[in-house]
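Per-chain numbering from 1; labels A, B and C assigned in written order.
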């Protein structure tokens, strides 16, 4: 056991912060991720993550904490996506991709200019691949608060969200403002993506969003259970990732340490693959939209 | 800007643009834009891994990009519906590639600038020795596409007919993905893994909006890609801003122009079918 | 000598006997409809003829010669023009109607295919034969269902096949287009002496042009002239439960009785 918990693990300040923030990230992503996969919006989640990169780089450039950059860009992008609505699937993929390309190009610029300004290197790495061990303690309350708010929004909207995910027309017929629900959901998604970006980087945040939830949806029968399992799976992957990353300072090459994001992503993937081991006898509830992009509205 | 050293840059970038334009045309045609996202990420991991092992970057690029391409081909199902199958696995694998890249980078002795270059492109300071392998790969990739032009068109538009004629759509898929891997290995060091997508897809999407003739659209993809790259190099040289920024922005601009042209051009009016005397 | 004969064809798919003992033959210039409810096995039958699905029993004879699946495919490449139900396209695809037809000449060969006067003439002729010359240069993604269907037929036609095989060509078409396609096909069968074999779930649009029918239901098939095959007794026997055939104003209705 002491191989797993290397000396100093539990007394280290950064590790404790990482574990706390990691928990918030994992639970938020796990829960919201379930809706994302149900609504077939994995691509939207991925797009938001890429746009968040631009925000994070911009924040770095103007000297503001990256989380706010992720968040601002994410929410703005979510609003735009909701505004544009749905088009032909293939056309939309190309359009989104091109816009993402421009966003990433802007991110490249911001990172470059920011590096010039502050003469620090390594910003690219943290924006793209996360900085969970170097989170400043003053941002922790903000991170936790955002996560809690996002979860509350989703909790309040849970049933309506499910309805609109499965059948927007039915929801409209029942008098639900499908557009508003869509916006609220996308905003919560933006928060979730931003949190994940802080932990494991914008570019990799998709893993925490869709991995645990896809795994959970394979092995549970109800959305509620799926959310619980997803949060749990995400939590395990994140905490184990943090522990392993800490331990890896003692692994070759000594004193270097392997990145948390790598461990988390690898563990998430392993978890997903494991869900294939036990053949399912009954299909988990699946939205007819899974794997097919549909309108957020 | 056109000094001896810069010539290497111009030449390399031009070759990259030509290949990106050709590959992008088919990627958009076949709706395989996702693969265009995923394979460069694999290439990124490969480059980082090669750097870690201290071997020539091109090997890492080729191995990982090709491996990724074959994996995508194997995971996909028959027919055009392949994307709805296993979306999650491909997305996770894509992200894992980036994670691996991150791992290799932090294990190795790469500086932040090299990370940045692998992701966002670094085209200046290409040595003579590097131009040749890229040119070689370029010729191979271009030839591979030219040779398979018709079967690729047929399997894209009429997959059932292709099958009936004995042209396997599966083989065509794999073939094209491997060509894309080849193209990616060439372009990632120049334009960066994250922006390779823009160079492949932007020009191709713009070209197809403007013309309906397949041959012309292919040629136009190449021309627009060249224009994008040349403009980006010139601007990057002048401002010292990263090449990737210009590629992403100009690629998007061309795409928007194409969309605008399409919206403005009169849609085909319904032509009454010639009545056939029964 | 019949052009195509199916003799006792059976097909087993996924452990299930999908078709048993299907027998019929086609002569040159015949217009034959494979009719039956959805899921009856019409497409399976077409795939056996194309050599894409293995028959578990019986044989396929082309010009009197029994062929195995592999040789079927090779032989068929020249003799059969296959018309799929639709194109896989999006409206922006850079492909004109004439490009699709041109692929029918040599789309399976490697390389580029350089434009030549001869090629252009062949393409123009094929388009004219189906009445699609008015939109030869239009983007194929912008064409209506009926227009696309014509282009697909021209594509199959250009290689001078002996048999035109169409998979549900009338599905997804409005009534007017339906009629027009049937007229085009009828003309091709009569004037160009090309055999036409198509599948459909509704025989009514085809009654005027069909020479014979192959009615597929319940894993079996009955073939012959329409009036002989489509009777209450005949179909009841085929379906295995009571079925009424009602003729109203020249239309045929197959109704499940109890």
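In this text, a residue touches a chain if its C-beta (ideal position, glycine included) is under 8 Å from a C-beta of that chain, and two chains touch if they have at least 3 such contacts.
Because the structure is a prediction, the values reported are computed rather than measured.
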{"item": "Most widely separated chain from chain B, with each centre as the mean of CA atoms", "value": "C"}
{"item": "Innermost chain, where centres are averages of C-alpha coordinates", "value": "B"}
{"item": "Separation of mean Cα positions, chain B and chain A [Å, integer]", "value": "27"}
{"item": "Inter-centroid spacing, chain C versus chain A (mean Cα positions, whole Å)", "value": "50"}
{"item": "Inter-chain centre distance, chain B versus chain C - centres from mean C-alpha coordinates, in Å", "value": "39"}
{"item": "Residue numbers of chain B (touch at least two other chains)", "value": "31, 205"}
{"item": "For chain A, residues contacting two or more additional chains", "value": "90"}
{"item": "Overlap residues in chain C, where contacts from two or more other chains coincide", "value": "90, 92"}
{"item": "Sites on chain B touched by chain C in the complex", "value": "29, 31, 80, 146-151, 153-154, 156-167, 205, 207-209, 211-214, 216-217, 262, 267-268, 270-276, 278"}
{"item": "Complex contact set, residues of chain B against chain A", "value": "28, 31, 33-34, 36-37, 83-85, 87-89, 91-93, 95-96, 98-100, 102-103, 105-107, 111-113, 115-116, 119-121, 192, 194-195, 197-198, 201-202, 205, 241-242, 244-249, 251-252, 255, 259"}
{"item": "Interface residues, chain A side, partner chain B - complex", "value": "37, 42, 46, 90, 93-95, 97-106, 108-109, 111-113, 115, 121-125, 128-129, 201, 203-204, 206-207, 210-211, 214, 253, 256-259, 261-262, 264-266, 268-269, 272, 291-292"}
{"item": "Residue ranges of chain C in contact with chain B within the complex", "value": "50-52, 73-74, 76-77, 80, 82, 84, 87-90, 92-96, 99-100, 103, 106-113, 131-135, 137-140, 142, 144, 146-147, 150, 152, 155-156, 167, 180, 183-184, 186-187"}
